[in-house]
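Encoded as structure tokens, the structure appears first; notes follow it.
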């Protein structure tokens, strides 16, 4: 598992480009005996969000091939269809699904020896790509889970689905898997994220649920206006600069909500073609968040109104495109309690069932959880705790690889509790 | 004329409240032998702009009566119909019209002895009302012109129309007289304004035309939103404060125009009902200007779009009401040259035919001039120069009363040149 | 108690004007046998916030006298010193203090018969003043508490302090009492507010603590610039309109805080002197809030920086004045548990010890609680539940007067538990 | 001259990169017999504005060498020192200097056959560089002037200085030549620009002076703040996005000026590093203009205050760098009249001495003119009229090459009138 994690770390691939990673996952699952779906059988084309342009997809595909992508699976994964699902059918019984995410971040990795991946030779060789959020560990752990459950298969009654998801960063990938229908028959659903131990007050191996995860919508916004010479005929321009400045101030000024926390951010802006020209084109990358899906909807609706009105105000045109979105995470109490019980009592892990995490991040696994819950199933997120170096998303991020062992224990323990107990009973 | 000017100065009345002033004008014109129209026969009700509310009209009417308004004319002038027209018919011939404005400003007059009206006992007795723009002189001068032309009537061939206009400040009154039709038969039209000599480089008595007068539109803007408790449920409000702040910044940011000067001003704002309440109502008094009517239209159209979009942006409602407007002043070259010739050669006045005045103010006499010109007549403005104390609209403003003599000379000289020459020829 | 409440309701007095109310309180306390402090003996002059101007103080004082203020106490309470403290000394033992607030709101009361005060003839006779927040009930309840404790005095060991506070609305009055030192010797401190039963999910008589109360700072902000003619020389102005609009947008755009909820509101703005004048003066009433005192400090500090920079930006001057402030309410767990035990077990009230209230409001009793806690004492707030009509601060607000009985039970029960038990032991 | 112009057009070089163009100029001047200064002998290092970075300078130098830069002069012109001065000394007498600018624009040239340079095979081979403002013609014309004056040298008494200036676009280059002292001994100074005939109402060959040229300052503005996770801890960021948006709106809202026209433009903005990160760095390219140097100073000073205050407001840091500037052009009446007389009477050109051009552009020749005038000399700009295709700075721009003949006539005619007449007298 450690070797795999380090291999994935070294050949880090960002969202929708995970051809090498996914092809290796597909190969391993096949070898273990899973039924494997990949590419267009996993991700519904039109439900994917934030897919890069074709030129970039082609370039990254070539790199993946050069870096050892599995030649059988790679062609099926190209063009932004990097999802893989492994299925293990063990007769009648409930369907238990688990999600593992595979993508890296656009971060330049630390090369200093104080950073273990650099020191031990598995730092990213793909410039500007880095597993700074632990998904390399999630993927390796998923393969560990695959192996254990395959070994236990004689004792299981029901179906195991292992979902390896692309493009979790930017909350872009989960929806396409959900819309393909892969969650429609799921009775129990589990997902996880590695979490730095310092965020909990005490030493724990696992915290069930994901208090503090926010619903979110990511929007790319493009303004188009009309250029004019800023000295000679400023009145002829339709100035996107004024639309953008007005939008920015008003976006941050969206009212606070008594129903819970909100967030708004204009992360990047790029506009204009020259100093003495009235700007005729501009682009912003923005995001909104809310402690619940309803609160997030309030902020998104308000933001869209601001963006459109700021265009109308200056005679410019505004295009908005959702490039990512997630609901808030709502874990089912019953399943959370089962996780506690199994992990604490059977797996002898240190579990804290009550800890409230500080809010901030978002997860598009929420799409999967909501689909399962909407159809009567139970879903829960788990925080797998670990000693970490550097904050998440920083170039110094690393984690204690023992975390993966705890993850495998939790996933397999709960799956066994569900699928194995039926026989015992 | 001086006594009259001082009387008008002492009992200063602001726009649409000039009952006392106008009734005295009507009385004098009647005594001189003019046919006199007053009130609703002068101002078309629905074309009046910026009329105060009825309660205030009633209160000011009572004051005018107490302060010696003519009992015959006052009742016809009440309720915001304070225009007077005096007509002198002298057989066949062209129609020459002249405009004199009568209203004061909402300024608190200086009471220090350095201010001549205070020193000589004709400072305004109406608190917060002051003739700080010289219209008291214009009105007295108009009655001087009436007297002279009546004396010359045997020598005249045609018709003289003396128009005493209310509510020039805020450019609110002229349109109602134009829309009533009083300018429709006019062949030659003259108007004037007293101007401080220091604004010209040299000593002159008169400058024909009015270079620098700007077209303008005055708007009252009301925003209505929805109140909410700012602590308990800020998301339930529709906050006019955000609409207003967004509108203000964007209004001032309207593009400069290569076709000429522009101005924008948000003069007053008043909004909100309490510190801890999301503001649900607000009002702004704004104005836009342009060196030409076209440039002013550009700014007004842009301003309206901003005001509406700032409402849309925050779910508030915006009402805009035009409470004053004026075109730019375009004097006819031929008439300007006639004024020069008459005043310089026959009246021995010091005339500067070429001086460009700095831009800034606006005049709703432009409505009258445009109507005359649109129907084929000629119109010109004249600046009657005078030594002045204090800038226009300041509480120290005063002017050398000899200006009125020059004004009478110019108006009567030109009128005689038009109406008298036909006989001589 | 009901008669008293209705009397206070009918003669509603807003903050720092409570001369009639406070004088009646002082009279009653005196008659009951309390040692009574009033006026300058209660409120430290320089620690009062948001005191109206002297002219208004004089006018309201006259009204209070006309409406039956007690002639002995009224003179001591005038000029904005409307606090009263009643002290009952029962030998050695702890000091128990309780706070009752007395001021009304600037709300126009409903006169329709659907509103009980209107129907039953105790609607406010003071136009624009209304007890729309239940302080009339608090005051009456405080006198009820005074009566009961006096009757029990033989059984008490220690000191009772009943603090009748002015100007709670706008969080202006508590600080002046704290700074005078009245809380310095207090061992146990209690305060309360009536709360609508619909805010709890279920029927309860009392909820200890005050989850959701926010720390807050109220600021009056004045901008001063330089006037200029908006048409003639706009460049000569220092435009407060631009400072204000920039400040408003940026105030609402202050970052959300991961440490808890925040609020910002610009409740009112008033600026400018005329449509065609660059505005040279403006005023805003604003408030900030935070779920903790630290979070509120973050917002206040940021707001002050915005307000100052918006002045610098346009060459205007900014003055900020704190006219109210409160900490977040932190009730002591031990005292809250005592309240629960006493009220539930001994007083047979329906108590909900865990209910989290939605955040929103603020209370300056926090000054008193903090002082007690800082010196080692215990303090707790209590929500006395009642059926209510209309939301708090609305013109239809009313409450079931039986609430006052529950309030008296809670205050006296706990006081007896503290002061009476020592003898029993 | 046409062949030269087309050669310069084909190998278009933008500001401070004109190594090929300037080296050919230096070569030709040397061959004609001029004393030639080049590189650091022309441009004072520290007075150059807006010089690109060294890497780009190196890359462009290589290209110039590959494209036929003169091997003798190129090395002296590298590293952003692309000025050339040719001097012709003809004994005692006045010094007459003339300015010709050489740089192209960052415009992608039209490749359609409707565009003559494309059709006739001299379209720019340097992608993204195009002579879209006619400086290719100016340079060729300057060499034409050099040839004629050399032929006339026997008849001249005094000194001719031909200044070939780099980096006029962005008003970056003139200052460095002035500060080197090349204008300090000049008695008469001439410069010109080709102007589209449609901008004049009528067919003219030349208009003396340059009415409508604006003073300007070009600023690069950098904001630096502090990054933070937009979801996890927004309060820890110092958000440059808020500084930038506030600055943009307020920059456009700088007051209009009664002293003349103003312009403000934020041409480009680029800020932020990722959607979910509080932006910690941003850059803007802005410019201000004014009809006079004083008016431009007003706008620049105000803009700087806004930029700084917008930083203070959000705890960010603002750096401003002047990367270009020009005064307004003030041609001397006496020299303008001489140009008229010479061109009309002796050269038989069609001259319009009075036409007012619409304002808009800026020219850093103003630095040279001002230096000459400050030291007692006379300076004038000339508009050489031509039929043009496409507006200036557009990808379709082209001009009738006969313009160059008129230019040579005007420059040489006036020079001869000054330097030749002294002998005749």
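Here the chain labels run A, B, C and D in written order, and each chain numbers its own residues starting at 1.
To be clear about the criterion, a contact is a pair of C-beta atoms (placed from the backbone, for glycine too) under 8 Å apart; a residue touches a chain by one contact, two chains touch by 3 or more.
Computed from a predicted model, the values in this text were never measured in an experiment.
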Notebook entry, point to check: Looking at the contacts, which chains touch chain B and chain D alike?
Noted result: A, C
Check: Of all chains present, which has the mean Cα position farthest from that of chain A?
Finding: B
Next item on the list: Between chain B and chain C, tell me the centre distance in angstrom, where each centre is the average of that chain's C-alpha atoms.
Entry: 52
Notebook entry, point to check: Distance-wise, how many Å sit between the C-alpha centres of chain C and chain D, to the nearest whole number?
Noted result: 68
Check: Residue numbers in chain B touching 2 or more other chains?
Finding: 232-234, 242, 246, 249-250, 252-253, 255-256, 258, 263, 278, 358-360
Checklist line | Touch list for chain A against partner chain B, complex | finding: 232-235, 237, 239, 242, 246, 249-250, 253, 255-259, 278, 298, 305-306, 308-310, 312-315
Checklist line | Touch list for chain B against partner chain D, complex | finding: 249-250, 252-253, 255-256, 258, 261-264, 358-360
Check: Can you list the residues on chain C that touch chain B in the complex?
Finding: 106, 170, 214, 216, 218, 229-234, 241-242, 244-246, 248-249, 252, 263, 265-279, 282, 285-287, 289, 358-362, 393
